[in-house]
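Next up, some structures in structure tokens.
Both complexes shown next keep chain A, but they swap its partner, so chain B is in the first and chain C is in the second.
And then the complex of A and B:
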């Protein structure tokens, strides 16, 4: 019996969204009478932080602090259409829609401010703190609070905007089948170090070093949070998780959390995360989708590390002790 | 079926309810009393999301019958903040980004509170042990471990 050590590397590229059937998301933005801004979406925040990111994008575009923006993702019956929060598309698709809606709302806001200040709207700028100033003459200014009051109660304007983002459907070329499934790709590379017990087949992941290229990190702490959790989940997929360990046979499939295995807080590999930012051309403020791909490169990296350690190729997930021992036995024969 | 009276203290205030015999503490808290901070994850004691503190001990409220809690002092995550000021554990979970979807968070905080109540200066191993009955899908656990260690340091500094 020997504990054998191995190291594996894997690199991936991962599409943001999917345009095989067209991939639209729409957004609406409007101001309240006191100059707060409401973003209405049907896109869902399921813990990935979408509301925070959309608030940042809207605030940046209109020129107000983020805490002046409220994001409502409540209801797909009443909200503007969204294809859904999947395929790592939320930030990219909804973010672009929010930018378009927020630009239109900003334009109305500046027009109302221009009437109040008796200047041309194109001569105005925002200070990001809730005020609109005349370029080059910042002493001449009006608060967005007062602009919203004026729009609602004096000028009869709706400070609002409509936004939509649609990646058109991509059809395959008849001759070659070539098509464009996505316009924007995130990338990642992982190096995993493992120990494999060649008597029990047990794998221990010692270290995982990940580099992620995700466009611009719109909220760096939340990106890091998602990447750390995703790296853990990648290892979980590589070594533990399955509902059908003898697929297509359903036998021995886990039916509860005692049997559906995942690494617990005592099973964590030493994890390193490095973020590279190369802003994407068509992303909102350069963002790509860091969502799903953060749990991908660990899987082939661990498989390669197991091969490096004990010389067997496991091509079925998860890489269980049983699969390793069977492969070792087959190799010995 | 005859209802059963249950009476206990929840986060310092008296509660009295009639429940069906066999009602779990989790359902009594959520559906009868309206404290939805304990979460029903697996309903069979394997995920820890329903954890509450009963007379100083960590309990899985999905496996605890409400009628066995007569006269008990029960603490849930919704009772931790005082006068709008977050408990150090809540503060630390926010500051270290230890929550994403948030479903496991109240259970994690309960488990961590019982740990810190008994072991104010825990080692990393102590924290791992204390959290080992709670499942998280999003964070990879490391930020949660760091949150508990951060809260312990904040506690010991404020005590010093």
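And then the complex of A and C:
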């Protein structure tokens, strides 16, 4: 028996949002009497951290610290419509809706501050710390706390805004397929290094080096958690997973985590993530949707690495030890 | 993780305050201390538990259903069959005009996959519901089943789903979604090499930590509150409104804290029948998939087959690419017609190829209905495309990474679906991968750019 080493590369792109568009998301933003901001949505946080990202986007747009923003989401009695969290669309679609709503709210906030300070709203700026200052004369300022109190109790204004994001639906031309599937694409290139035991067919993924271009890393820590998780899922998809291990016989499908094969912590490769940012023209602060894309390039990279190691092509997923051994046997004959 | 700010620095302003900061997630402390409330944490007095009687056959006619023994089982409050469901035949994408309605909430006259829901049992305890479900007698006449897409497409194959009438989804473009660009046959004729290869995949499971489910509370004001882990609140509410023929104003969905989705929670499966149960009994209802149901009943990723034929020149240029993609929808559409169509918009991958022909089919078989899953329509296509790229490079004796630089799309290049490329960054990803993985490529490739004209 010999342990053989190989490496493979794959490069991909991935569309952000629902294919062909037509997938709206709306957002509402309003201030409380003491100048905290509520973002109201019906989008769903699947555990990836969407609420946190929406809070940061709202905070950036209004010009307050993120901890001044509360996100209330996924209640159909209060939240305006969102198509849903899928198709790498959450950050892109809801983020744009939040920006639009927050801009409208910010404008009212600046108008109220302008009345209090007896200046023009266009002469004001936020310091990001909870204050509104006169440009060029920062000693003349008012806190957002006081602006909100004034709006509510004195001036009778609602510091609020409505946001909507919709990419018009594209209908493919029947004969040529001319269409607009998406407005922005994330990118990746992955190099995987494997060892293959040519006696058992077992594959060990040694390293996975992923370069992802995602427009803008809105929260780098959360980007990291999503990209690392995606990279692991890609390895799992390449080498382990099937609900029908004996297809076309439908028996013996896994029914729990003991039977359904996935890599354990010891099976995971040393994973490197490098992020590039080419802001997209229509993304919130340039962000694209990397949620799905990040689990794709590892699959062909591992498949190509297996070939590089032992010289057989496994063109059917998952790349199991059985398939590798059968291919090696066929090659030897 | 490293952020490589040197790339695209000339097209990016780094002047933001809250964006770009790795702020701690506000929901993390709740998640890691077990204080976050998920839908299943709702427990109401008098709550009933719903269990499904499922088809043991891949394809069968239902001769009769006898629920009398189940109804007598201690603790059973209600047993539901197809005739209890107001609008029993539905399809979720009808909301965006992708029909026809082709799936039953509860089987009516026929089952088309092993595991299909036939009868719903509501009881005081999970155990009573399970025991009573085992007492439902369904008389089946087993029919021939088809498990293979190529078999399903052959003339004379058993028809899986009568609502379609044939074993493929009929697009306005015909039996498949088509893309035609340039002259692919002329491209093959002029190529130095032609390589045709076939790729296949298996269904896989989303494997979320939290299984699919909902808890429904009938409110005093004649409304129903549905605590759910759906990935799409109004999509589920609106489909429920259609299935139950109930005004949407009677429905209140609460969700938004979900233990993993990956596309597995965008089918509308548990909510309508649980709300119907709550309506007909006047009691709260819980319907939560077991881990076994999550793994074998909920939609997996589709099995796919992708056939790629390429014409390539010795200098590395791909001059023609023909892709035929098959998506195995299983017995019902769910999101698969959408997924197959997404593939048509994705091929031929992030490469500029002058002659392209794409056909993508959505095929019906008696397998478990597939649906959305992270990247569907693209993930398996990328596996096929990128293994094919490796094979092509080796066929002409070229480094696989350098081969990709030669063909990589750049801003302004026309794509096969007739959109000019914008915002490309494939070249830069490959340049950085070359450095990070110590996989050197020729200097001319390191000098390339997705968006700048080379000097």
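Observations, loosely collected:
The rule is short, and it goes like this: the second predicted complex is superposed on the first by the 320 of 333 C-alpha atoms of A that agree within 3 Å, B and C clash if a C-alpha of one lies under 4 Å from a C-alpha of the other, contacts with A are read in each partner's own complex, and residues count from 1 in each chain.
Just so it is clear, a residue touches a chain if its C-beta (ideal position, glycine included) is under 8 Å from a C-beta of that chain, and two chains touch if they have at least 3 such contacts.
Being a predicted model, the structure only gives us computed values, none of them experimental.
By the touch criterion defined above, A:79 reaches chain C but does not reach chain B. Contact with both chain B and chain C is seen for A:221 once the two complexes are overlaid on the shared chain.
Of the two partner chains placed around the shared chain by superposition, chain C is the only one that A:11 touches, whereas chain B remains out of contact. Using the contact criterion defined above for the overlaid structures, shared-chain residue A:204 touches neither chain B nor chain C, since it reaches no partner.
Within the superposed three-chain model, A:36 lies out of touch with both chain B and chain C [touch as defined at top]. Of the two partner chains placed by superposition, only chain B is touched by A:265; chain C is not. With both structures placed on the common chain, the touch criterion links A:107 to neither chain B nor chain C.
Applying the stated contact rule after C-alpha superposition, one finds that A:46 touches each of chain B and chain C.
By the document's definition of touching, of the two partners only chain B reaches A:231; chain C does not. Between chain B and chain C, the partner in contact with more residues of chain A is C. Chain A residues in contact with chain B (one complex) as well as with chain C (other complex) are 46-47, 49, 221-222, 224, 228, 233, 256-257, 262.
Per the touch definition, chain B reaches chain A in the complex via residues 42, 44, 46-47, 97, 100-103, 127-129, 131-132, 135, 137-145. Residues 1-5, 7-8, 11-12, 16-27, 31, 58, 96, 114, 147-148, 172-174, 177-181, 197-205, 207, 209, 230-235, 237, 251-263, 265-266, 291-292, 295-296, 300, 303, 338, 341-342, 344-346, 349-350, 358, 367-368, 372, 374-375, 377-380, 382-387, 389-391, 400-401, 404, 408-409, 416-419, 422-426, 428-430, 432-433, 436-437, 439, 450-451 of chain C are the ones touching chain A in the complex. The part of chain A that touches chain C in the complex is made up of residues 7-15, 19-20, 22, 42-47, 49, 51-52, 55-57, 59-60, 63, 65-66, 73-77, 79, 81-86, 128, 169, 172, 174-182, 184-185, 187-191, 209, 211-213, 216-224, 227-228, 233, 237-238, 241-244, 247-248, 250, 253-257, 260, 262, 272-281, 285-286, 291-293, 295-297, 299-301, 303-304, 307, 313, 315-318.
Those residues of chain A that touch chain B in the shared complex are 46-49, 221-222, 224-226, 228-233, 256-258, 262, 264-266, 268, 271.
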